[in-house]
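After this come two complexes, each holding subunit A, first together with subunit B and then together with subunit C.
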Partner chain A sequence: MIPKKITFWGGPYLFILPCFVVYALFLLTPLFGTFAFSLTRWDGISFDNLRFIGLQNYKELFFDDPTFWLALRNNLVFVGGAVVFQCILGLAVALLLEQKLVLGNFFRGTYLIPFTISLVVIGIVFESILNPSLGVLDKVLTSIGLEEFTGLGLWLGKAKKAIWILIFIQAWYGFGWSMLIFVSRLKAIDPQLYEAARVDGATEWQKIVFITIPLLKSITAVVVLFATMWAMKIFTIPYVVTRGGPNHATEVLATWAFSHGLSYQHIGYGSTIAVVLVVIAMIIGSLLFRLTGMGKAQE
Partner chain B sequence: MKKKGKMSKSISISLTIVFMLGIVGLVGQAIAAEQVTINLWTQYNDPQDRKAIEYIINVFEKENPEVKIGHRIMPNYESDQMIRTVFAGGNPPDISLSQDPYTMSKTFEAGKIMDLTKWYAQYGDRFPESAKGVSRKEGKYFGVPDTMLTAAHMFYNKKLAKSLGVTEPQNYTEFLEVCEKAKNQGVIPLAFGNKEGWTGGTLYQMYLFETVGLKGINDMIDRKDPEQGPYFTDPGFIRAAKYFNDLHEKGYLSEGVAITSFDASKMEYLGGKALFFFTGSWYSSFDFPPDFEWGFFRFPHIIGELGYNRDEGLVAYLGKMQIATTTSHPELCLKFLEVFSRPDVMHDSFFEMGKYLPAVAGAVKPEELTEFQEAMVAFARTNTGSCGFMEPELPPAVGMGQVWTGLTAISADEITPLEFCESVEKVYKKELVR
Partner chain C sequence: MKKIRKSFIIGKIISYFVLGILFVIMVYPLFWVLMSSVKDNWTIFQNPTGLPSSPTFKNYQDAWVMGNFSLYFLNSIIITVFSLAGILLLSTMAGYGFARYKFRSSNIFLNLFIAGTVIVPSSIMISQYQLISSLGLLDTFLGIILVYLAWTTFGIIIFRLAFSQIPQELVDAAHIDGCGEFGIYLRILLPLIRPAVAAVGIFTFIGIWNDFIWPLVLLQQPGQETVILGLLTLRGQYLADWGILTACLSFAFAPVVVIYLIFQRHFVQGLGMGALKQ
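Then we have the complex of A and B:
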């Protein structure tokens, strides 16, 4: 029996309350705490040294820190890379695997494996593979007569190239997840639609363009949103593989916030970078929400 | 009837067993309640270091059966950050090992690390003055050093040197000549990876001993005023950066030096691919020691530089055990430090197992020293002046920040030595203003 009047304690709010308490305790409180720290100068050693400095950290960040802008640009490059490589590759592989391939299930599982491995491990493994002196990649390429392609690992030491290796690693790590999400939606498409199209004389390509892709629209938005958010908060791969170098060329906002907040004992300044990262991520997230029509009721 | 009796008998037995178990559990809990746990965080990651500290923990626990040491090993590169963070968070472990003198002396000033002056009055004569000096701040002691480290020697593969037809260089010019010969014969002259930056920091400091001398380095560490020198843009500091850059420009270092880690360069050397290897005295403690005959010589002095006629270098007692003032068991922590610094315990652990020279005087008899350790001791005794690692003495944003990042950038050909010095100076000035 549904009560006529929904009260605070008897209604849906009661059910939301436990989650909200956890959310407030572990997300909102640290978030507000970080914002509060961003208005201070503090070395993290003693609270006696904590000084309120207003928006000075923000001023320094926006007007006197070229590394911040470099890190922001790198984050956006990661976002682009994640959307282009991770999502498109995931979609392409998902479509291929739906063609009833031999060993299709095996490949489906195999492509997901990178996503289950710790990013730290992935970083270390790639670092070992790419090492110019001891890595296996160059040895394999040389042994099969592809010497002109050796030296890829040296890209990690070049400011303009290093980030592309990191984007590749990130895409390799994440495309299996995108594929899985696309596959789950593909499985839910009514086969009668394809059958009807076949009767009407549609080719395989037309089926993909006019049935599959339009029906993947909502799930694509989810995949793009997640890939974007992961790319915005990316930390482990640049930290493990290049430590943000050379000369900050692969620095991202999270590593820069970490360096200041924890390594350099600039708790206030590190918090400022973290706050800006959250705000930018929120803006991009909201834009994606609006542009893709996510959150709207299904007709 | 008989069946019922049997059943009640088994129920009684079961209940008795449950009761007994309960009693055992209660007694166990009572014993456990009496047992005290002391949290110890260290960065003894390498197998031999781990064995050494576990040996010490065992000695302590045997002597104090009511105490359990909860030992946590932190990852080496992140350990100092972890220690800083945990002290900032207000819940540090009872005892911790730090290699970050800059922050820890400030943490001590803030009253978060225990004053060990009384403890030193009782056990201080176990240490040489040089070890005590680095554990002291304005007459008060805040840490107990573990081992002595030096970075004053260059190591080489004797077999490879013989096959290349080269001998130990007597000065830097000769060293460069040998490097050229090795390079021309397809051998990496100097195995050197600078991905992490600290390796570059140590090598840069060796050049600084030559170009600005010990006083120049100490003045830089002690600098308080942003408008007063010495500056990183002073000629000696730039020259040292140029020497550092030259090695890489001439192709004497490992390929991809900026992305090669210390461990990878170590593997190049141990694998017989490189002639020289520059590192600190922990060379003798490697978990995989070289399986070839190796030699060592004093880091070559540069003709015409300040350091040529001097014998200044790096002698450090970097790792220090410290007690947090928040501990509930200060007496037990002090007791642990007593066991930790006992000469016989240090001998059996860090010397025997870790192949380190303990900071504790008299822990090792002279006849037990290897040839290299003898040279270390001789250098520590006879040098004309020494100091510890420069970067951890500087503010973290300068030393472990811009110095490391900048030297890696030099190795990657991304900045020039002058740009490196300017960037470090800029950050240092900013830090001094803060």
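Then we have the complex of A and C:
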């Protein structure tokens, strides 16, 4: 279809405006609201109590709030875990699935199942399996001869170890997605390249190292950036499984913002934490747009 | 030649071994939930990993009636159906608008929509709560549906592309037959992009059904819970009743997994489109 040159009010408004009004009202407005509230102190009850305090929230956040730094650090640990477990495993499995195995499609389909399930369900499922009084995981591990790994369920109560359980849950959830993106990119590689390499006497291993891996560079960046964005905005898994505990050990930016903004009614301070999240997401997003060319609106 | 054959077979065995272990890790937790949901609580405690010897559906009955799951299901269905229909209508219309016309500020509009991909719910939940409550829509289905209706970015990107790939002759022919602009969109072009609508639809459906943040923030009256939010209420109520808890979990994940398995092709397409469209 060739786009017709016309003024906005000559036709396009009819199709675009309804969508834009809803979008502006319920996405752009709260976004600007987040920035605006971050400059205030407010209990959220009556506008009479709203006071403009400039950058004081930011000063407090950056200099007097150790939990904020702990939460940010935990987010970065999640990013590291997501990249290592989710992306590397995803790539490895995608390469294995390249071999046209008989059960290949079946495996691919099942690995994607967790990605369709709510994180609340996933959180409660793992909580139940890890529950020490029920001991499901310990029983399974014992029955396959891995006694030394029993007791994982107690990790959720330990400050230094709880986060690793949460990272595993996040990787379990997101791994199928990374794998699928790699699989789709691998399918798009021109088979003639492999054929040419075969004629030149390349081994299977050489084909992977010299043809496949270099061609996957840009899609790897996309997968890593998406996984990073998800790990930064992570909320549901810590909220459901540990509530940010024990003693803030699994607190992340989103749960900390929720506690202040919605539980303690510190609208201003909670919004300040949310602004940090928005800024980080915008940086990752702009990198993504550059890589995928999504920002190029019209050719 | 024989050597190659042998290493080929060993490679396959290793691949199946690795993929098989992963399969167990991915499927066992869900399998355990389904198994436990048909056992009574005492049996689960005695032997949590065993297969059910005399399966019972009592847990499902209790979850449905005592645990209020019938109500949660109804709430989820109302919210999801209206949001999904609205999102598909709004985003196909906007996608058509961007594909059909070029106007002075079209790129500005489109970029504003695309910026929506980076606005994550957890970063705007505080001010969204204030906005919805100042509109008097807190604890109403209308409020949460309106919030979902703003999730149109993904659809707009996909539909604009799908519409712009339709041959110009079809549009011209429709014009000659005396179709109005809206008629061309609704009756001639929309049916042509059905695969794209299916892909976006299945994806959006799963996203809304599974969403947790907006029900948590915007629906706080008891009785308004969606299936997902209701799970948290039930977890508190039936803390040590693993039978009922696992039945509730199965209620929450089984419908989406079944829908995913039926529409797998569309779902996979939608995923690929999100990340790969160049």
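Here is the rule we use: the second predicted complex is superposed on the first by the 247 of 299 C-alpha atoms of A that agree within 3 Å, B and C clash if a C-alpha of one lies under 4 Å from a C-alpha of the other, contacts with A are read in each partner's own complex, and residues count from 1 in each chain.
Quick note on the criterion: contacts are C-beta pairs under 8 Å (C-beta built on N, C-alpha and C of every residue); 3 or more make two chains touch, one makes a residue touch a chain.
Model, not experiment: these values are computed from the prediction.
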Between subunit B (first) and subunit C (second), which does A:T242 come into contact with in this model arrangement: first, second, both, or neither? first
For A:I267, is the partner it touches subunit B (first), subunit C (second), both, or none of the two (neither)? both
I'd like to know which partner A:P132 touches here: subunit B for first, subunit C for second, both or neither. first
Looking at A:S46 after the superposition, I want to know if it touches subunit B, subunit C, both of them or none. Which is it: first, second, both, neither? first
Now for A:S259: first (subunit B), second (subunit C), both, or neither, which partner does it touch? first
Once the structures are superposed on A, label A:Q206 by its partner contacts, choosing first (subunit B), second (subunit C), both or neither. neither
Looking at A:F226 after the superposition, I want to know if it touches subunit B, subunit C, both of them or none. Which is it: first, second, both, neither? second
Comparing the two partners subunit B and subunit C, which touches a greater set of residues in subunit A: C
Scan A:K158 for contacts with subunit B and subunit C and give back first, second, both or neither. first
Same subunit A residues contacting subunit B and subunit C, which ones? 44, 134, 262, 267
Show which residues of subunit A lie in contact with subunit B when the two form their complex. 41, 43-46, 48-49, 127, 130-134, 153-154, 156-159, 242-249, 259-260, 262-267
Listed in rising order, the residues of subunit A that touch subunit C in the complex are 1-8, 10-12, 14-16, 18-20, 22-23, 25-31, 33-34, 36-37, 44, 93, 96-97, 99, 101, 103, 107, 109-114, 116-121, 124-126, 128-129, 134-136, 139-140, 143, 172, 176-177, 180-181, 184-185, 219, 222-223, 226, 229, 233, 235-236, 240, 254, 257-258, 261-262, 267, 270-271, 274-275, 277-278, 281-282, 284-286, 288-289, 292-295, 297-298
Once bound in the complex, which stretches of subunit B touch subunit A? 81, 84-85, 87-88, 103, 106-107, 110-112, 188, 195-197, 254-261, 264, 267-268, 271, 273, 395-397, 400-401, 405-406, 408-409, 411-412, 414-415, 434
Of subunit C, residues touching subunit A in the complex: 11-12, 15-16, 18-19, 22-23, 25-30, 32-33, 44-45, 48-49, 90-91, 93-94, 96-107, 109-131, 146-147, 149-150, 152-153, 156-157, 163-168, 171, 181-182, 185, 206, 209-213, 217, 228-229, 231-232, 235, 242, 245-246, 249, 252-253, 256-257, 260-261, 264, 267-268, 271-272, 275-278
